[in-house]
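You will see two complexes here that share chain A, one where it goes with chain B and one where it goes with chain C.
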Partner chain A sequence: MAIKKFITGNFYDEAVLFPAVKKVRRAGYKIQDVYTPFPIHGLDKELGMKDTDLHIAGFIYGITGTTVAISFIGWMLAIDWQINFGGKPFFSLPAWIPIMFELTVLFSAVGMTLTFCWLCQLAPFVKKDHFNPRSTDDTFVMAVECTDKTNEAEAIAFLENAGAKDVQVQERETGWWFGRYDRESVVFGKKVAAV
Partner chain B sequence: MSLNRYESQVRGPLVEGGKDYHQITEDICRPVEDKPSKLWWIGFIISVCLLIFGVVSIYMDVTYGIGQWNLNKTIGWGWDITNFVWWVGIGHAGTLISAILLLFRQGWRTGVNRAAEAMTIFAVMCAGQFPIWHMGRVWNAFFVMPYPNTRGPLWVNFNSPLLWDVFAISTYFTVSLLFWYSGLLPDLASLRDRAKLKWRKFFYGVASFGWTGSTKHWQRHEALSLVLAGLATPLVLSVHTIVSFDFATSVIPGWHTTIFPPYFVAGAVFSGFAMVQTLLLVTRKVLGLEEYITIEHIDVMNKVIVLTGSIVGIAYLTELFIAWYSHVEFEWFAFKENRVNLSSPYGWAYYLMMGCNVLSPQIFWFRKMRRNLLVTFFMSILVNVGMWFERFVIIVTSIYRDYIPSSWSTYYSPSIWEIGFYLGTFGLFFTCYFLFSKFFPVIAMAEIKHILKRSGDTFKDNMTKDENETLDEFEHENAHHH
Partner chain C sequence: MSTTEKFIPTQKYNRIALALMVVGVIAAISLFVVTGGEGNHDNRARFWASLLQNSVYFLLVVNAAMFFMCATTLAWGGFQIAFTRVTEAIASCVPVVGFITVVILLALCFGDHHTIYHWTDAEHVAHDPALKHKSGFLSKGFFATVTILTYILWSFLGWKMRQMSLQTDEGDVVSTLEKRKKFVWNNTVIAALFIVVFALTVASSIPWLWVMSIDAHWYSTMFSWYNFASTFVAGLSLIALYVVFLKNNGALPLVNKEHLHDLGKFIFAFSIFWTYLWFAQFMLIWYSNQPEETIYFINRIGNDYHFSPYAGVFWVMLTINFVAPILIFMSRDSKRNYTTVTVVSVIVLFGHWLDYFQMVFPGVSPDKMPMMLFDMGVGLGFVGIIMYVTGRTLSKYPITAKNHPFVKEAVIHHT
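Right after this comes the complex of A and B.
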């Protein structure tokens, strides 16, 4: 949640992007992110990102669903209000398997999706800066963070040398805020120029 | 470094017309950004009229009761449950395409998955109407939910397949919706960033949840899609299995059949793919998306239709054989006298079902037929007529003659309000589909871009020698000759 200075470069081809990421990282620049219009396999590894643990969350939500189903149904039919269905046991597990399964899937899917939205900070009326609108169309936009030590001119030349097109210096908000895309961006009371 | 992976040369390219990334965005966003055509308006107005007819029919049903339908003493489930099972079945193709084919790494799913998933959601919405309004006192519909109540508390019966259905279908609807919408986020963001009009910026801005395309977000997005696909795969099989339990766990001759779960699932996929064909053949033509939904896609889906149609055929013959082989008098009577006997009141429905579902899809063994658009369109309609009659045969021919001949039903035919209700769900389905095709990208742009460099026509030629070889060439060069 801070407005920082970035140097951004556009890439038009994955085959140029991959070596460029390697070069930029090796030179000691801090890549804030690469924005792409579609998932590029291997780019996360190339950027030094860890694997996501989202699937573990999904598993935990899933077993929560199973547990809720069996304990709730068991309590209702075998403890709270026993009903005799043709002399069958009150705790009739096989007949509950379908609903146990459905609730496992339901809890897991809903939980994972909400977790995904939480982790990525996605929700209606959430607004973020993303440097270049073409990154949801056809180009891969690399944003390199400027620190006190960064020599801007040098960094721009470095990115251009690595194959980036229309390299710019931009000031952008790194977090999210509530806002609408049809209105001028206002980040926590401070105006930011529209992209 | 080559980003190309091996892609079968037996298959044609999945994206034609020498596209690049920007061109894909342009092509798929164009129908959303252009004004709707005259054809769109005509279709939309017809759909809304049907929907209104449906609403009036439901008004009659609720005001005057289920007696507005021609159900009678032995036929308690007529058109209503037939339509329910039919719509649920249609709702199976979308998740099959998006989930099972994702796990099997089938690249061709990318061209059709978005529309098929939308179709699934709308079809399940239509299906849900039937059991709900069939309750009669629909204002008590919330009784199906297990909640602490002042009637005991009296809990719902978790041993009943009808309750399993409530959970199965609502779960299926929710998971399909999440799957569909999470896939839509990046594409809505593309529309947002292209938008010129104020309302578009607002609408797609809100709808895209602030998606940026960050690498970390994509990584999580991929993990989410993969796990949702893994969950949806057994789910899609379970839903129609549970629908089939509505019949199979009863003791009615003709329903009490252990083959029902696989038979229903195959039938569901069969009818679902037929509906996908019906919709996409029109969509690709009207929206000009022939380069994304290619003949290759249609060919592959027709293969699924001939496969599942044949599975359904084997299931029909198996249940017929078992009815005879079991020596259960009542079971065999239901099959022999109520179905196979052409001169029985509903014999015609049985043969219509056999003809549409088992015989007619066999023409798809011929490549020429699979690639013929007119034949495919005609067949897709025929299959869905056949699949409707399958459910009609199962329901009506099993219950119109019960154990006491004196209470054998008079000939059941639907009342105008039963027909109106069914047509109304068509209205609902197509109203939703027309709105979807106008305001949302009907093809998953991000996914098409993802496969472009493997399956696009211009890129396929640029592959390395090994990747580009046909099987014969590979064998010719690498097999040992003695």
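Right after this comes the complex of A and C.
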């Protein structure tokens, strides 16, 4: 991961945010992301994000759970240590289906949670930079990535024109990092303003 | 097509509906002729069983449309308003199909067809302690009263729900905020009443009387729930089929893929629910292994010592009702695609028809599976009736309930 330069703008209203996203994208700026306190329907589409593959991972985890359950119980009760339960056959699939179902759910739930954390770069003791703390409270924060060719003053004016308040230029780490928000002013060898 | 226009079924549509009805009548008549003859009591039972299976199945399917309406109304749902007239039109088949069903059921109850409902035979019951014990529930008087009462309540409350929705078109019922609030409240009350009646009938007693009493000695307390799940999935599929059909014909201006997606989710979820109930019923019986309970499944699946001719139907039914919807409808795109929704809906409607086939027939002729083509013919007749009545109702009223208080929720609906 790397530290990049961003221009961030605060939006107070969805009705302003959506046309602004459209305008900013059309002008050729690269939007890193829009940070919102709650999910906004249709924003992902407006930002041109592709659908997540998390559910495919979930399906694979689920199938794995089913397979583990049936092969493990099958090996135990039908091959390794056969026990006669009320005269039922050793391989009694109906009795195992609840356990197969539970393991399917368990594997897909735990697996998807961990995958989700990995994709969002969330983990215990690991930190991620905020662009603006208000994105966890009541405003929508748009971060536009600056490249070598970006004219900062022009971009700031453009965002303000599109309805953004409190437009700033920020240098931020995009990936996750170890440390504490209040202490680490130097991250990965480069000076970064504390949030 | 604008929201105020009516959908007029084409000549071709009505002709197909009439042709299907003719097929149904021909199938029923030929079945009657084939099963006739002297001393052929069991054969005649096969004719009545076919009528019983098809009428009960299709009645419960169209009634599931009204249940869908009332459940979503009770939950203050918004998305279903986009196609609520379609649901209403399907539900308007209840009085028609219900009348046929009631006639068939009363004929079975009071006629001389003891091979289907053993408990109607007073002489037989006198020697049968189990049936004697149940005679308070399984008696002609109780059966007829509950059947007729159910028919009247379903028809009346369904009519009331449709009437309330149609009133909004005139405008005055929903012209002010106060009136809209009152309308939503009244609508919720009627929906709740229907749900209570529905819970006391389909979800608890009616399938016991109509279907489970064929195997009069056997009982399962979840049988009615299982029937409800079966017909609710089929009813949702029927709604989805009509939504796709009307959308393809340029009607239903407010419906888009989001609404279809939600219907798809409903079908997906309730297919799993159906399997869950089926398995819950099966596993408890399999596990406890009581002879008087397992006989039901031995007649349907067979075991090591007894071959059942219905085993094939049974496994096909389980596959297409569970595996097909869960695998096809798992991805988001397939629930938003008109073709896959149509395919799954047809599969599910047929699959639950097979489900009813294997509920009714093993009790009537356990050793030999009857030729299914006749029953399919009779079933097509009911499909024709449903098509005709639904088309007729659709042609009478505007295609969209455009003044309904929740119509905005339907328009901006997003999944």
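Simple rule for what comes next: the second predicted complex is superposed on the first by the 187 of 195 C-alpha atoms of A that agree within 3 Å, B and C clash if a C-alpha of one lies under 4 Å from a C-alpha of the other, contacts with A are read in each partner's own complex, and residues count from 1 in each chain.
Following the convention adopted for this analysis, contacts are C-beta pairs under 8 Å (C-beta built on N, C-alpha and C of every residue); 3 or more make two chains touch, one makes a residue touch a chain.
These figures come from a predicted structure and were not determined experimentally.
**Student:** Please determine, from the superposition on chain A, whether chain B and chain C clash or fit.
**Tutor:** clash
**Student:** In the overlaid three-chain picture, which partner chain does A:L77 touch, first (chain B) or second (chain C), both, or neither?
**Tutor:** It touches chain B, and chain C stays clear.
**Student:** Could you look at A:D44 and tell me whether it touches chain B, chain C, both or neither (first, second, both, neither)?
**Tutor:** First partner only.
**Student:** With both complexes overlaid on chain A, does A:D137 touch chain B (first), chain C (second), both or neither?
**Tutor:** first
**Student:** Just chain B (first), just chain C (second), both, or neither: which does A:F90 touch?
**Tutor:** A:F90 sits against neither chain B nor chain C.
**Student:** After superposition on the shared chain, which partner residues are touched by A:M112: those of chain B (first), chain C (second), both, or neither?
**Tutor:** A:M112: touches chain B, not chain C.
**Student:** Looking only at contacts as defined up top, I'd like to know whether chain B or chain C touches more of chain A.
**Tutor:** After superposition, B is the partner touching more of chain A.
**Student:** In the overlay, answer first, second, both or neither for which of chain B and chain C A:A123 touches.
**Tutor:** A:A123 contacts chain B only, not chain C.
**Student:** Following superposition on the C-alpha atoms of chain A, which segment of chain C from the set 63-71, 81-89, 117-125 or 171-179 overlaps chain B?
**Tutor:** With chain A aligned, chain C clashes with chain B through residues 171-179.
**Student:** Please report the chain A residues shared by its interface with chain B and its interface with chain C.
**Tutor:** On chain A, the overlap between the chain B and chain C contacts is residues 51, 55, 95, 98.
**Student:** Inside the complex, what are the residues of chain A that reach chain C?
**Tutor:** Residues 41-42, 51, 55, 59, 86-87, 94-95, 97-98.
**Student:** In the complex, go through chain A and note every residue touching chain B.
**Tutor:** 14-15, 18-19, 33-40, 43-44, 47, 49, 51-52, 54-55, 58, 62, 72-73, 76-77, 80-81, 83, 85, 88, 92, 95-96, 98-99, 101-103, 105-106, 108-110, 112-113, 116-117, 119-128, 130, 133-139, 176, 180-182
**Student:** Give the list of chain B residues in touch with chain A in this complex.
**Tutor:** Of all residues in chain B, those touching chain A are 1, 3, 20-22, 25, 146, 152-155, 157-159, 161, 163-164, 167-168, 171, 174-175, 178-179, 182, 185-186, 189-190, 192-195, 198-199, 201-202, 204-207, 209-224, 226-228, 231-232, 234-235, 238, 242, 245, 445-447, 449-450, 453.
**Student:** Over in the complex, which chain C residues touch chain A? Could you list them?
**Tutor:** Touch residues, chain C against chain A: 279, 282-283, 286-287, 289, 330-332, 414.
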